[in-house]
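After the structure tokens below, expect a handful of questions from me.
Chain naming follows the written order as A, B, C, D, E and F, and within any one chain the residues start at number 1.
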Amino acid sequence: MSERFERGLRKLKEIDGEQGDRVVAALQDIALDFATYIVEFPFGDIYCRPGLDLKTREIATVAALTAMGTAPAQLKVHIHGALNVGCTQQEVIEIIMQMAVYAGFPAALNGLAAAKEVFADHKGRRKSTPES
Amino acid sequence: MSERFERGLRKLKEIDGEQGDRVVAALQDIALDFATYIVEFPFGDIYCRPGLDLKTREIATVAALTAMGTAPAQLKVHIHGALNVGCTQQEVIEIIMQMAVYAGFPAALNGLAAAKEVFADHKGRRKSTPES
Amino acid sequence: MSERFERGLRKLKEIDGEQGDRVVAALQDIALDFATYIVEFPFGDIYCRPGLDLKTREIATVAALTAMGTAPAQLKVHIHGALNVGCTQQEVIEIIMQMAVYAGFPAALNGLAAAKEVFADHKGRRKSTPES
Amino acid sequence: MSERFERGLRKLKEIDGEQGDRVVAALQDIALDFATYIVEFPFGDIYCRPGLDLKTREIATVAALTAMGTAPAQLKVHIHGALNVGCTQQEVIEIIMQMAVYAGFPAALNGLAAAKEVFADHKGRRKSTPES
Amino acid sequence: MSERFERGLRKLKEIDGEQGDRVVAALQDIALDFATYIVEFPFGDIYCRPGLDLKTREIATVAALTAMGTAPAQLKVHIHGALNVGCTQQEVIEIIMQMAVYAGFPAALNGLAAAKEVFADHKGRRKSTPES
Amino acid sequence: MSERFERGLRKLKEIDGEQGDRVVAALQDIALDFATYIVEFPFGDIYCRPGLDLKTREIATVAALTAMGTAPAQLKVHIHGALNVGCTQQEVIEIIMQMAVYAGFPAALNGLAAAKEVFADHKGRRKSTPES
């Protein structure tokens, strides 16, 4: 396991928590090497770079995936990641609404629907955590 | 002139400076009403919202336009806008490089080429300004 | 409630009937302001403009959403809207088939599948209406 | 030369006039068969179908190409074609502006710029025609 | 039934087996003519051309549909087709992984998920075949 | 200079010849690290993988970039690369024509125009080489 891979895995966990593990696990039996690449390049190289904090990086990713509209599953992973690294729900909503200007209202509507699902899931998980 | 239009025009100037004027002027003889809409909805409604500062909004827009790859002229306007509202050149570069992960290397390469042009233009203009 | 909002709401109901209400309702608990924008700009501004009848406007929208292929839910809403404002099923089919030329056969196939669902739903609703 | 090809060629001339010839001519030395296909399928099959008049078909195409944003040259050919088969300049503007709702403001801005060029070209050609 | 249609139908069966029949059958009650076009142009014209073997053609199609990301159902049909005409599962995986470079990691991830489903289906069908 | 970078640089030269150098050189003064990434991941990781020969890899890339339509400069680089690693001009034409089926006729037309430019450039360079 290279230093780059280990660094990427730590960054992936920092951003996505357990969801990051699931993305990697889903690749195990179809394309093991791709799991390595996804840890190494996006997370080990790009997200580890200085010059932009993780919150800003996740905002950029949520904006791009909302605008593209071709990767709804990954958009949800990154809305979750954005909340994880310090974005508020309202900030996520603001970014997605803004995409109506650049990619049209349907792209923003689909982004908002994705956010609604992720927010509900977050709320559910918080409730089921034993308060101690 | 509605309050919404005036508010949008102020915001557009704050973000894009003289380039905003040019976008609106280019529409005068083809679609005057569209110039109104573009001032009112994106700038009077969206960019005037609280909850996200202008720098973050421009980062989201640069990310989205780089990823989409279908609006190179508008990408340049918004790279210029990002610098105008406080992004550093290095931050713009970071956002664009990150888009390689989500939209592929060609999208990022084309974004970097756009940034290079805008940066050169900024440098040229700063040099030609009489220092006093 | 602004005049622009009221005008947009009337236009939305004229085009989409109860489905328009549902689009707006789905936004209530996630992004209330976005429900306002969607009524105001697309419906209060654009669809209220003279110079193009509603049938032609819906044809343009069905064409665009079929070609883009990134908003299947909104495509169905607008196929429904197209029928509502006077398009025949055959006209909808013609527009979607034509998109094979500009966006490829898969885009047209997915558009036809969407149309099939909307048409079946229309038929079902007509049958369940008491004939009097 | 098949009946389908001849029918397509007549339809192409009806829609695009001399510009249609240029599209076909440009293919002669690179992909002769593709010139045949483009005459046969889009023009001989699709545009010859009953059930939708040519004006409506060109409106659908202008909408789709504006929204997609990846084929600016073909968008201009079809704006020209739309005018040729009876659309007014204002109708073309209306369709393109409407695309801001579905594909974002940059897509509409680029569509309007394309229209401006085509309209100027039309005006120029009308002026240079000897009035008799 | 034209010679072109018959030739296309044979090619479609050669590539997609029974799945090709299902694509055509699904169109029967919504757009019968489109079933004809899809057999004639893509399969009767394009896939019957000399100069590129079927395996290479399917590789090109899997690459394009993975990169576009707007037609997941058709991507699965063509992954199935690629296997049918001689691609190995590993070759399909290689093509899809490569698309991360040109269309981003989410496009490749979605392509790999599609491949996983098609491969599982192939395995299941092989198992249920009586060995004799 | 890592082993991965050196391996990538050799692969890049093998595919693109001097054009690969130009892609990297253009990044020197704007995003040096991105030049490193582009050598390392696409060329050092992906194109160095066994399981698919370079010719097939370039065919997949030409197909994808033609279908996407958002990166005309990179499409030309890869048409050039495809010829470099053993594709014939006719094979390149076949792949691009096939994209009309999946991404529409305008995408294929723009791909053919790109091919025409690259082929002319190749012819010119061959002529100017002293025959000895």
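Methods note: a contact is a pair of C-beta atoms (placed from the backbone, for glycine too) under 8 Å apart; a residue touches a chain by one contact, two chains touch by 3 or more.
The structure presented is a predicted model; accordingly, all values stated were derived computationally and were not measured.
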| item | value |
| --- | --- |
| Shortest contact path, chain B to chain C, counted in steps | 1 |
| Fitted rotation between chain A and its twin chain E in degrees, CA, nearest 5 | 120 |
| Maximum centroid distance from chain C, chain identifier (CA atoms) | F |
| Chain C and chain F, separation of their C-alpha mean positions in angstrom | 41 |
| Between chain C and chain A, distance of the C-alpha-averaged centres to the nearest whole Å | 31 |
| Separation of chain E from chain F, taking each centre as the mean of its C-alpha atoms, in whole Å | 25 |
| Residues of chain D touching at least two other chains | 33, 37, 41-42, 46, 49, 65, 67-68, 70-71, 74, 93, 97, 100-107 |
| Pairwise touch network: line, ring, star, complete, or other | complete |
| Sites on chain A touched by chain E in the complex | 23, 26-27, 29-31, 33-34, 37-38, 42, 65, 68, 70-71, 73-74 |
| Residue ranges of chain D touching chain E (in the complex, touch as defined) | 33, 37, 41, 45-46, 49 |
| Complex interface listing, chain E residues touching chain A | 68-70, 93, 96-97, 100, 104-110, 112-113, 115-116, 119 |
| Touching residues (chain side chain A, partner chain B) in the complex | 41-42, 46-47, 49, 51-52, 56-57, 59-68, 71, 74, 90-91, 93-95, 97-103 |
| Chain D - residues contacting chain A, complex | 67, 100-107 |
